[in-house]
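Here come two complexes built around subunit A, the first alongside subunit B, the second alongside subunit C.
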Partner chain A sequence: MKNLQRAGLALLAVGLAAVPFVASDTLVQFGINALLVATLTQGWNIIGGFTGYPSFGNSVFYGLGTYGTAIAMAQLHLPFGVGLVAGGVLGVAFALLFGIPILRLRGPYFAIATLGLAAVMSAIVATIGFAGKNIGLILPLFRGDTLFYELSLVLLVAATGTVAWLARSRFGAGLVAIREDEDAAQVMGINTTMYKVGALALAAFFSSLAGGIHAYWITFIDPGSAFDPTLNVRMVIMTLFGGPGTIFGPVLGSFVLSAVSEVLASKVSTVASLFYGFVIVLAVVFMPKGLLDLFQGFRHSGFRYFAQNMRRFRL
Partner chain B sequence: MTAPIFEVKGLTKKFRGLTALSDVTFQVAPGEILGLIGPNGAGKTTLISLISGTLLPTAGEIHFEGRRIDGLPAFKRARLGIGRTFQVMKPFPGLSVLENVTVGALFGATEGQEKKRAKARELARELLEFTGLTRHAEQRADQLGGPDRKRLEFAKALALHPKLLLLDEVMAGLNHVEVDEVVALIRKIRDRKVTILVIEHVMKAIRNLSDRLLVIHHGQQIAQGKVDEVLADQRVVEAYLGKRRQ
Partner chain C sequence: MQLFAQILVNGILLGGLYGLMALGMGLVWGVLNIVNLAHGALIMLGGYAVYYLYTKGGIDPFAALPIAMVLLFLFGYLLQRFLLNLIVRSAQLNTLLITFGLDVVFVYLAQLLFSADFRTINPPYAGSNIDVGGVTIPYAQLAAFLVAIFLAAILFLFLDRTRTGRAIRATAQNLTAARLYGVNPRRIYALTFGTGAALAGAAGGLYGVVSQITPYIGVTLTAKSFVIAILGGLDKPIGVILGGLLLGIAEAMTALYLDPTFTDIISFGLLVLVLVAKPAQILGRA
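After this line comes the complex of A and B, so read on.
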């Protein structure tokens, strides 16, 4: 069974890697976006799903990765690889610096404290000449969707591999304990501060690299698109939709939602904007534990699964 | 008395205006069971929180195995071997009973011993057996009944390999039979050479268990010593009867 699963996953990865060689340009471009968003979602899963800290600051990590890469390439004329590292360092440094004070807050207080971060960062960046003020930066043009696609896929696989490690490691057990009850975690010997900051830094790492790849691919960035709070909202919804605290749920959730919203957007745009709102309400009421749990529960008890959920969570 | 494993000197805790604990001083010998009693709001839970590190004292010192620990964060004290239960129980609700206990084994006092999950799970299974929870191992913690939740608090605290165990009203809400079971469990734990500080309102149990008693009233330490002597003390009787007959 385990080997079968492994073989299936390997096959899936190979299949995904083959997409740019067989699919249309539009599909590949959709794929790059979907892979990067899935990586962001997986990053949110680490701090939100595993550790239980509902961060709205993850779009800042993404934005810093974007700007780190863009400044290195557009202003300092450094190669892409160096730019990516610069973006990653910026994102992780921010997580370490701000994580320590902000992670002292719990639950809704933490969420509110992180809520304003993206707007503040966007305003700050818009005043820095070196970062292109509010006009933004243009990166050197590089046409190579296949490369961007494969790079995004590698990043997603790395993020998912990290989450798989969390699910079986001592570190991951500590994060889950913090999510379940932080006071109890403390008196059981868990260095909660270090663990929380570590989780945030991991999330920042993957988010800022996704930002860096996206910046070079799209070749133009500005404060508004780099520090976009709605991007963070999507990470939250996709994680919750797929199954927070699981290995594959967030990836599945973001693939499904990316695809559905793409289809809707091409038909009627007003419907697309309402779409996420509906998803939140439906997901919370009918499957508060996400898609993965839905599949397992549905196999087990059919439509009664929904009724059980409503009873279990007193909805 | 042999050299104390644990010692508190002039411990004081103020919550803004309110003095919850004032100048408390006592020692505990290795392997001893010290009973801590006092009316509601006396400051008992506050004392346990100060010792375990979830609260920091306003003044005073705490020494454990000859080392001053009142400045250490809670997780370090846990790793030194101080385990506690919570009066308002704090299981990891979404995890199975086995996983709950495994966490303690992964992070507890035996550095480097149980860092592998499989090893920690093995130890956790032993503790489930010890506390009578084996048949609930795979159940979610928030689906346990009251008495089993208390057992889970025990098992989690024991997974740390504590040398000092702080028990906060682990018998509240239990019937006679269940109380007797818990008393037997605490004795079994003491037989493992664990020193125990136990807060309890159930008088019969505390009388049975304790080697010595410490009485707190309005944050003041009003009596300390042999069980019978303390219970006969005039101030203790007044503190209790004054409260009970309202």
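After this line comes the complex of A and C, so read on.
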């Protein structure tokens, strides 16, 4: 069974990797976006799903990755590889610097602090001359959707692999312990500060690399689009929809919702955002454990699954 | 010196309004233990309600304020009664997520219905002002400030003196005990959330008079309300108003001495400072 699962996953990865060689340009472009968003979602899963810290500011890491790459390439004329590393370093460094004070906060305090950060970050970057102020930066042009697609896929596989490692490692178990009861975890000898900062740094690492890849692909960035706070909406919803704290739930959730919103956005883009909002509200009430749990629960008890979830926390 | 006095007055006038915004958020948080991330969106909806009552209905903004409050109260009441009551006992992560989702829904519904254009509620007396010793005080701003203080006082009296107010405070202290004394928590929760929404609606209407409204004003206002609610303490309306004044003055000073683009950055810095510097109280409640 285990081997069968592994073979299936390998087959899936190979199938995804083959997409740019057979599919149309539009589909590949959609694929790049979907893979990068799935990576962001997986990043959120590490800090929000495993550790239980509801970050509404992961878009900041994405934006820092974008800017790190863009500054290295557009201002310092360094190659893409170096730019990507610069973006990753910037994102992780910020997570370490900012995470230590802010991860001392719990629940809503942490949520609001990250929410506020996401809201002001574009204003801060827009005051820095080296980062192109509010005009933004233009990167050297490079056409190669296939390369960007494969890079994004590699990044997503790496992120998912990391999450899979979390699910079975001591470090991951520590994070789950923090989510379930932080005080108890501390008493059990877990260095909670180090674990939490480590989780945030991991999330920042993948988020900022996704930002770096996106920057070079899009070739033009500005504070508004790089630090777009609505990215947080997507990360949270997709994780929640797929199954927070699971390995494949976030990937599944982001693929499904990316596809649905692509269809909706072709009509009116506002409708897609509206749809996200409704999904999050309904998901919290009816399927708080996500799609994966829904499949199992539905097989077990049919439509009563929804009623059970709804009744559980009713006043 | 005169400039300083002027900025101080501007800050105080704005701060009263901030205090009003935070009152609703603090009330809901203190009683229901819901940190309502959609609070800013409710403020935004209140702003649009007053805007349309004024432009389409020809009702003076200050007269439209009670109507907007009633509308927002009903909206908040129903929201809590039929949606939020379903999950109010679950982990706080879930209440955060659902109000975050509601925020998204309200913002984009507003964008669809009202468009993303900037709107200002511009009554004919908007430009007029009085001059006190060289300090200019615009009538509209002054009236907004006074209304905010008036509503805070009303809220205080309501919670302190009325039967329903006592039931709300009892529920905040101990849900089970309040239930044993015959309080119906479903109704009290809905009433409380409705009151919070009504206060947000009033704040939104006033905000539209003194500033501009778009569908997106909510997020920063949510964050600011949160900071102020912590600064002031959840169960003290007067403390919350004082917290609002502090933030208002800080922002006005920033706009003068640094740069207007820094105001949001400063209030965010203040937010982190408040959160990190008062860990005992903060971690105690979490």
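What to note about this one:
Just so it is clear, the second predicted complex is superposed on the first by the 308 of 315 C-alpha atoms of A that agree within 3 Å, B and C clash if a C-alpha of one lies under 4 Å from a C-alpha of the other, contacts with A are read in each partner's own complex, and residues count from 1 in each chain.
Following the convention adopted for this analysis, contacts are C-beta pairs under 8 Å (C-beta built on N, C-alpha and C of every residue); 3 or more make two chains touch, one makes a residue touch a chain.
Please read all numbers here as calculations on a predicted model, not as lab measurements.
When both complexes are overlaid on chain A, the residue A:V233 reaches subunit C alone and has no touch with subunit B.
Legend: residue contacts after superposition of the two complexes on their common chain; A:A111 is shown touching subunit C, with no touch to subunit B. Counting the residues of subunit A that each partner touches, subunit B and subunit C differ, and the larger count belongs to C.
Within the superposed three-chain model, A:A164 lies out of touch with both subunit B and subunit C [touch as defined at top].
In the superposed model, A:P288 lies in contact with subunit C only, and not with subunit B. Applying the stated contact rule after C-alpha superposition, one finds that A:E180 touches subunit B and leaves subunit C untouched.
Subunit A residues in contact with subunit B (one complex) as well as with subunit C (other complex) do not exist.
Touching subunit A in their complex are the following residues of subunit C: 29, 35, 37, 83, 85-90, 92-94, 96-98, 100-109, 111-112, 185-186, 189, 219-220, 222-223, 226-227, 230, 261-262, 264-265, 267-268, 271-272, 275-276, 279, 282-283, 286.
On the subunit B side of its complex with subunit A, the touching residues are 52-54, 73-75, 78-79, 83-84, 86, 90-95, 102-104, 106-109, 115, 117, 156, 159-160. Within the complex formed with subunit C, the subunit A residues making contact are 52, 54, 56, 101-102, 104-109, 111-113, 115-117, 119-120, 123-124, 126-127, 229, 233, 236-237, 240, 268, 270-271, 273-274, 276-281, 283-285, 288, 310, 312-315. Taken together, the subunit A residues at the contact with subunit B in this complex read 168-170, 173-174, 176-177, 180-181, 183-193.
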